[in-house]
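Dropping the structures in below, format is structure tokens.
After this come two complexes, each holding chain A, first together with chain B and then together with chain C.
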Partner chain A sequence: MNSIYINSIKHISAQKPLSDEWFDEPVQNSENYVRATDPDFKQYFAPNTARRLGKILKRALLVSQAAMKNDDVSQPDAIITGTGLGCIENTELFLDKMVREGEELLNPTQFMQSTHNTVSSLVAIEAKCHNYNMTYSHKGISFECALQDAFLQMQSGKIQNALVGAHDEMTPAYFTLLKKVGYLGQSNQTFAGESAVAMMLSNRKAKNTFCKIDAIEKVYNGFGLPVKPAMTYTGIDFVMVGTNGVAENDNIYFENCVRLFPNVPLLQYKHIFGESYTAPAFGVYAAALCLKNGKIPGFLFAEKGADCKLASAKILCYNQFEGKNHTFILLSNV
Partner chain B sequence: MENLILRLKEEIIEVLNLEDVKPADIDENAPLFGDGLGLDSIDALELIVLMEKNYGIKLKDPALGREIFKSVKVLSDYIAANRTK
Partner chain C sequence: MNRILITGMGIVSALGNSVGETLQSLRENRSGIASLRYLKTAHTEFPVGEVKMTDGEMTALLNIPENVPTTRTALMGMLAVREALASAGLAFSIDRRGQLQSIMQSKESPLRIALVSGTTVGGMDKSERFYLDFLENDTKNAYISTHDCGACTEKIADYFDIFSQVDTVSTSCSSAANAILLGAELLKNDRADIVVAGGSECITKFHLNGFNTLMILDKAMCRPFDATRAGLNLGEGAAYVVMQRGRDVLNTSEPKPLCELSGYANTCDAFHQTASSPDGEGAYLAMKCALENAGLQPADIDYINAHGTGTQNNDMSEGRAIMRLFGHKIPPVSSTKAFTGHTTSASGGVEAVISILALQHDFIPINLNFSEKMAELPFTPYIKMENSDRVQKSVRTVLSNSFGFGGNDTSLIFSKTL
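Moving on, here comes the complex of A and B:
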């Protein structure tokens, strides 16, 4: 089996864009809906390139190009994207016009950019990359599906590297809808955020390597039985969980972690990056940065603690969506 | 006619999202495609939608598009002669 490393990670989020500064000085957000902090895109894209791109596409393109450049890769063997909502902003505009204009005189640009796989294909077009290109849209486990695809192909030697992305935007209208159905914006819940995360995976260890991915597992548990991973996770130092302040969600993590990983300290990240369908990518990013820096900031502990230095460590990223889909990603330092 | 040219420039900027371009920056005699504004085939589709939506002109013959999209001036002349609203 080939070793698989995360060599580069870039993000645009509620924290400072394209930066790891949050690790030392996280931006605190008290609103229940926070859009990502965008960099000045004009610094990165020619006006003719940027004018047709919605926010999610500009963000995805920028973080993807930055992640590839950071690992000296221009055309990855695979571009794999996870997105829960796809290009929801353009989808809304397109559908709105469809309703208002009676399905006539629809703008081609919004139509073209209203599909989920626009993100992955745009990255490939700009990189002139004709290799494997895939998009996973599986609500709260979209990112893990993308990561697992890359992981399995690399493990079997089919590809040597992969660009894996997690991209979601949150429009005011969609936030309002999700608030009404109780998915976002609840009292005590971490803010609704947006995600643009790109990471370069490689079977080649580099000087910038964040960590190694040891295992990825998805478990479906639709019958209310205790979650039972197929793999045995031993020697885990921390579990990074997707707690978000909603008891119904958090209790699933607490109950399963007590049973599966007793006495292992829990870390969390959604209070820093917000909740979104592809937020679990931030959990992997946060864990990977901890392993790279050899330190866990106190504010990441579920039970607030002091900063903790790491020597050799394994962090398990555990995400669950609606109590049915459970994912486990085991990371270790290099 | 001057008013129509100005309005057309503003509409083109808006519908094609030409950031940082002002009506005065667009030479009404310069080519819209290739050189000049550097528009492409998707922009042509957007302009066809614009003409129908705002001026009631249905462009059925693609070959005609090559002629009337030569410049803002040519486009405004065509619109002035054929508009239904």
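Moving on, here comes the complex of A and C:
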């Protein structure tokens, strides 16, 4: 069994792009729908590249390249992406024109950039990387599907490193639809956000290493039986949960945590990064940064507390989606 | 015994609504491609490989109440998974939950059954129909939540209520092949005891029009590996295999394995979002790495079920990759897309089932509609029809290719179990 380290993490989100500054000074958002704060793409890409690519693609490419560079990797053994909705902006543009104006004169570029695996492919094309290339799209556990794939291949020694990404854009129209079905924009709910997170995972510890990934587990429980992880998690110091202010969602966390991890303090992250299908990647990022910095900022505690210093610690990231999918990712400091 | 065995399979496609009907159509060289009948689109000029059932007919076959929101992709998936589970001798029906419980509890701990499903279009059939309703009123809100790929997988999973893990792969036309690949990894890494893997995809106006904008649809029947080829015909369908570890299966008399998944690999062409490289680098690497993964030599392959879409670009690129890897000893190659149409995300599953049928029955499906050799390639696809479609030699090992947008290239190798 090989060890698996997170050696770099780069993000574009509601917080300052490509930066860990939120850890000390988080940007507060009070709107119910917040687009990500983009960096000045012109600084990073040629003008025609920036024009050609949709939002999700620009963000994904930039954070992927930054994460790889930060770990001195130019061609990862695997490029694996999780995305709940894929390239929804281009999908919408193509669909809208087709429905309103008919089936002629449609734009091939919008179609080409509408499929979910455009992201993983783009990163590979730019890196000229012929290695394993995968994309998962499974609602609120899309990131965990991707991480599981990387984890299993690294643990068994099949690959030595992997770029794992979590990418979702949210258009105004799609926000409206998801508000109608109760997933986003509910009263008291943390804001609907966008995610672009890239992580370099490696068997090799580096000077920038955030933490170790000790375990990942996914449980599907379509009929709402009590969740029972197969793995036994011991010595957990904190559980990072995806509470978002909606009682129906939060109570599932509270009930399961009381039962599975009694008396372990809960941390949360969605008030900082927002809700999205791939938001759980921010939970892992936040926990990883706490482990790297040896500190948990008070604003991450579910029950507001003071900053807390960490020596050696284990943080379990627990995500559930609609009470049906449950995922557990165990992180420890190095 | 860390071998991965296939112990069941199920399929719906233009060739028929079961494995048996699929075999019969292949044996009789009868294509399922015809004029548009079910999809409502302005582009009636394109022949397609539709599943010959309405959504309502599928809903009835599955005993699903009419008021439950479903998508065509999910319905086809349920039918194929149902057949796959039955053929593996696994209890499956919601009506027979009691029997299911007894099987799942017959061991010390319940069996962990994973569903790994590939799709890209997902619930787009309903989204494109109700798009304006979604925006303007509340009459079709239930279908907002059936749009995404994961929703399709969960619809299938919930119908059977036996799955303790679900994953959705979305790599366009290689999705189902990649689902089978992930399924093998889940078994090898002891994440599941039984995996049901494959893919489902219905034809939608969305991707019919998308492919049309790329100018890769043929208004005539598609002609893979033919000098006159002018594009693909879209198809639809669902196909899944049941996979188990060799050590789990060989200790019991049932189920009898259909074959072994002896090797697999995924690589990236890293050339273009929708076009393949002229030398087929990604395809070459996928086939080469799958052979290495299986511990086999090119000479061990008895039949290549090619991706062979019938587009200028794919067949040239894939043909060159085959030429590079197999040199002067190229085994029989055929594309079965002129039978089924290009079933996009489901194609890796559909062609896995066809490859397994070839192994089981020692026959090679012919490459329909072939007339003129491609000048650029040293080989012609398999069209042998004299006397019988049986080949002299036994078909022991089949290589199946599935290539997707973004140069996502996957090769699977199926072998007879000895």
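Note that the second predicted complex is superposed on the first by the 334 of 334 C-alpha atoms of A that agree within 3 Å, B and C clash if a C-alpha of one lies under 4 Å from a C-alpha of the other, contacts with A are read in each partner's own complex, and residues count from 1 in each chain.
By our rule, contacts are C-beta pairs under 8 Å (C-beta built on N, C-alpha and C of every residue); 3 or more make two chains touch, one makes a residue touch a chain.
Fair warning: this is a prediction, and the values are worked out from it, not measured in the lab.
*Asks:* In the overlay, answer first, second, both or neither for which of chain B and chain C A:95 touches.
*Replies:* second
*Asks:* Per the contact definition in the header, classify A:79: touching chain B only (first), chain C only (second), both, or neither.
*Replies:* Only chain C; A:79 stays clear of chain B.
*Asks:* Please indicate which partner A:50 is in contact with in the superposed arrangement: first for chain B, second for chain C, both, or neither.
*Replies:* First partner only.
*Asks:* Compare chain B and chain C by how many residues of chain A each one touches, and report the one with more.
*Replies:* Greater contact footprint in residues on chain A: C.
*Asks:* Does chain B (first) or chain C (second) touch A:7, or do both, or does neither?
*Replies:* In the superposition, A:7 touches no partner, neither chain B nor chain C.
*Asks:* A:106 contacts which: chain B (first), chain C (second), both, neither?
*Replies:* A:106 sits against chain B and chain C alike.
*Asks:* Which residues form the common part of the chain A surface touched by chain B and by chain C?
*Replies:* In chain A, positions 106-108, 112 sit in both the chain B and chain C interfaces.
*Asks:* For chain A, which residues count as touching chain C in their complex?
*Replies:* Touch residues, chain A against chain C: 79, 83-86, 91, 94-96, 98-99, 102-104, 106-108, 111-118, 120-122, 124-125, 127-139, 141-142, 145, 148-149, 152-153, 155-156, 173, 176-178, 180-181, 183, 218-223, 230, 324-325.
*Asks:* Which residues of chain A touch chain B in the complex?
*Replies:* It is residues 42, 47-48, 50-52, 101, 105-109, 112 of chain A that touch chain B.
*Asks:* Where on chain C is chain A touching in the complex?
*Replies:* Going through chain C, the ones touching chain A are 41-43, 112, 120, 122, 127-128, 131-132, 134-135, 138, 141, 144-145, 148-151, 153-154, 157-158, 161, 163-172, 178, 182, 185-186, 188-189, 191, 205-207, 209-214, 266-274, 281-282, 285, 404-408.
*Asks:* Quick check on the complex: what are the chain B residues that touch chain A?
*Replies:* 15-21, 38, 42, 45-46, 49, 52-53
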